[in-house]
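Here subunit A shows up in two complexes: once beside subunit B, once beside subunit C.
And then the complex of A and B:
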C-alpha cells in the first residue's frame, strides 16, 4: 500500500474516532445533562399545554444539490440497499421507530457542488422489515465481506439492540476525505 | 318486405331455449340409449408426499433470501429434469445455504430466528432435515452470530466427510462456530481475526481470505478444534480484491477471481497457502468484460470446465448480472466458448454428473433456467421459485438411485 492510501486511511480513522466521540461517552453524558438542566430551567416559564414538535428528517446541507430519493444523488456512490429518504427518513435520518446501527462501513464520494471528496458513513436503520422502496446499488469502492470496513454486503444492524432486521440505509457525511 | 323483426324479449327467449336444448344434448348425448354416468368420485384421505431418500443428480437447492421480507428466507428443492418443485424449507432471517451431507440423504440448515418475527430474542440453530420428508428434525443451538450477508457457499461449509459444520460469524468480530454433525453437538467458537470465508482444502483443513489480501490456513483436530496456520504473502491488491465466491478446482486448490477479472489459482501445499497460477478471464479479446453476480462461477470437475457469468462493464460492477457465460478449460487457461444468454443471470451452477445441466437464475426473477452447458440453450424454465434467488446448490451425487 502506498503512502497516499495510508494517509487516507489515517484520515478516515481520525474522522470516525471523532464521530464516535461526538456520539458517546462522557461528553455525550454531559451534553444530555446540560439539555435536562436547560429543560428544567425553561420549562416552568412555558405554557402548560404545547403542541408536540415533530422532529423532521435532516435536510440537505446548503452547499449540496440533488434529490436524496434518487439513486444518483452524490452521497450514494457506495450504497447498496433501500434509501431511507424514501422510507420516512432522509439521507442522514432514520425513519420513525427504527434504530440507527452504531457501526457500519464507510465510502468516499465526491460532492459535485464543491468538488471535494467526503467520507460517507452508510449506517443502516434497523428493527423493522425491509422498507422495500428505492432500492439502490452503486457499489463504488465496495469490497468483499472479509474486508468488512468497506463492504456493503453485510447487514450492519448487528450492533443494534433491535437485532439484525434491516430496514433502510442512510449516507451520513463524516467529513472531508482529502 | 321481410318479416317483422322480433322484439328483444322474443330474441332473449329463443336464445334461452336454444341454450337449454344444447345443454340437454350435452347431458344426455344419446337420449335413446340407457343413461350411463361415470362412477361417483370416491372420498379421499389427505396424504403427505415423501421423496426419495436421497438427492438425485438433477435435484437442486435454490436460496431465496427474500430481500424484501428477510425473516421469510426459503430453500427450494426442485427437480430440474421434470421442471417441478419438490418441496421447500423455511429457513428464517437472512437464509444462507443448506449443508448437504455427502450421502445426499440429509441437509443441515443454519438459520436465525427471532421470537417475535423481526424482533425479540435472537436464536441461531442448525436444523436437520431428512430429504425423504423435509420435516424439521434434530436441532443444535449455535452462538447467535451467523454472518448476515448476501449468501455465498463457503460462509457455511461442511468438512468433506460431513463430520463438521463450520459457521462464519461476524459481530463484527470474526469467528467460526463448529458443530459436530453426527453427534448433533456444538463444539466451540474460534477467533479468526482479520480473515473470513472457509474454503475446504483437506479432510480437516481450510483456507481463509484475509482483509490484507493474503490467505490463511486453518487446521482442525479430530474433535473439531480449530487452530490458525500459515499465512501467505499479499496475493491481492486493495484496489482489486478477490471475490469470496471462488470455485474448488481440485481437493486442495481454488480458482479465485478478482473484481477486474484476473483468475488466481491458489491452494495449500505442505500446510502453507501457495499461489499456483494467475491468468486473465478476458484473454486477448475480452477487454471491457468482467465477471459479476451473486454466484458468478461454476466448475464441472469431470470435464474440467469453468462457467463464468460475464458482463460488459468497468470498475464497481462486480454485482452486475452476466449477459453471457464464458466457458474455460481450466487446465489450459483458455476460453472455449462464449454463450450469450436470452436474459441476464446473477447465479450459475452445474450438476455434478457426466451429462450435466447448467443452472442460472436472476436475482428478483423467481425463475430457475435449466440449460444445455454446451450451447447455453434453455431446456426448460421453472418459474415461481420465490423472489430473490442467490445461491444454487446442485446435488453432490452424480449417480441416480431408485
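And then the complex of A and C:
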C-alpha cells in the first residue's frame, strides 16, 4: 500500500540517518552512549535526585508572571480569603505555625503567559488567627455552599487536626486542565 | 557519492512512534477524567483517593470492590457526590471507568465499562440517603470470599 505520510517519514528518517552517518563514527557513538549510560546509572545516587524522588512526581509548573502578593495574580481567580504570600507563606505554601487543610476546593485559572488553563487547589492554612492582610475575593467559578465541592465560602480548616481557625489561603497549581 | 538505495525505514517510523491513535485517545480520555476528578472529587477525597477517616470515605484500594457485590455498580453512580456533580452523563461514565481502574483493587471478571445511557438512567434515581445503602454494601463486600 502506498501511503504518502509513510513515504514522507521514510524520506525524513533517511535524511537524518545519512546525516548522522556522515557526521559521526560508530566509535564516537559508542563512547557517548557509554557516557550517558554512566550518567544515567550514577545520577539517581546523587542526594538531589533522591530528594526529588522522595517528594513523588511533581506537577508540571507553568511559566508565571505577576506579583503573588497582589489579588490580581493569575492563580487567585477563584480565591476568597487572605493571601498567604502576604502572611509569611507563599502562593503555594502555608506560613510557619499553620497547617494546610487537606480538603479544599479546586478550580481552574487561565495563565496569561501561555494562555492555558491550569487546575488550582485553594488550600486554607489553619491553626492561627486570621492573618488579616491582603484580603482577596475574586470568586470566579465559586459556587454557593449548597454545592460545597466548589464553594470558597466554606472554612476548609474543618479537615485539619489544627482546628478550624482560618489563617490564609494558598493557590497550588496541580497541572494543566486542557 | 555512490548512490545507495536506502532500505525502507517504515519499520523505524513504527518503532519511533510512541503512541497509536487509539492509545492517544485513551490518554486524552484519561487526562480529561483526571481533570474532572481534580475539579469535582479530590477536594474532599484527596488527590490519591485516600479520603479522611471518619469524614470522607476512602476510595483508594476500595472502590472497585463495590463492583463485586449486587447493587454496588449502581451505587457508584447514584451516590450524591457523583449523581449531582456538574458533569454530563458521558463525563460521569468516562470518569468512573477511569476511577475504578485508578483506585483499584482489581476489577471483577466480566466488568464492562459504564455507558452514557446507563449513567443517565441511574442518575435519575440518585440516592437521597446513601448511608444505609453504603452500610449494606460494605457488609456484603466484607463477606466476599478470598478477599485480599
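Note that the second predicted complex is superposed on the first by the 116 of 178 C-alpha atoms of A that agree within 3 Å, B and C clash if a C-alpha of one lies under 4 Å from a C-alpha of the other, contacts with A are read in each partner's own complex, and residues count from 1 in each chain.
Keep in mind that, in the parts below, a residue touches a chain if its C-beta (ideal position, glycine included) is under 8 Å from a C-beta of that chain, and two chains touch if they have at least 3 such contacts.
Keep in mind that this is a model prediction, so the values were computed, not measured.
Trainee: Touching A:155, do we find subunit B (first), subunit C (second), both, or neither?
Mentor: A:155: touches subunit B, not subunit C.
Trainee: Would you sort A:165 into first (subunit B), second (subunit C), both or neither based on which partner it touches?
Mentor: first
Trainee: Go through the superposed model and pick first if A:128 touches only subunit B, second if only subunit C, both, or neither.
Mentor: Touch partner of A:128: subunit B, not subunit C.
Trainee: According to the stated criteria, A:112 is in contact with first (subunit B), second (subunit C), both, or neither; which is it?
Mentor: Neither subunit B nor subunit C is touched by A:112.
Trainee: With both structures superposed, pick whichever of subunit B and subunit C touches the larger number of subunit A residues.
Mentor: Between subunit B and subunit C, the winner on subunit A residue contacts is B.
Trainee: I'd like to know which partner A:103 touches here: subunit B for first, subunit C for second, both or neither.
Mentor: Touch partners of A:103: subunit B and subunit C.
Trainee: I'd like to know which partner A:144 touches here: subunit B for first, subunit C for second, both or neither.
Mentor: In the superposition, A:144 touches subunit B alone.
Trainee: For subunit A, what residues appear in both contact lists, the one with subunit B and the one with subunit C?
Mentor: Comparing the two interfaces on subunit A, one with subunit B and one with subunit C, the shared residues are 103, 147, 149, 159.
Trainee: Looking at the complex, which residues from subunit B come into contact with subunit A?
Mentor: These residues of subunit B touch subunit A: 67-71, 93-94, 112, 114, 118-120, 122, 147-150, 152, 155, 170-172, 174, 195-197, 208-211, 238, 241-244, 315-319.
Trainee: Spell out the residues on subunit A that touch subunit C in their complex, using ranges where they run on.
Mentor: On the subunit A side, the touching residues are 6, 9-10, 13-14, 17-18, 102-108, 119, 121, 147, 149-150, 159, 174-175, 177.
Trainee: Show me the residue ranges of subunit A that touch subunit B in the complex, using the header's touch definition.
Mentor: Result: residues 1, 5, 80, 103, 127-130, 132, 137-149, 153-155, 157-159, 162-166 of subunit A touch subunit B.
Trainee: Using the touch definition up top, name the residues of subunit C that touch subunit A in the complex.
Mentor: Interface residues on the subunit C side: 6, 8-10, 12-13, 16, 35, 38-44, 46-47, 52, 55-56, 81, 85-86.
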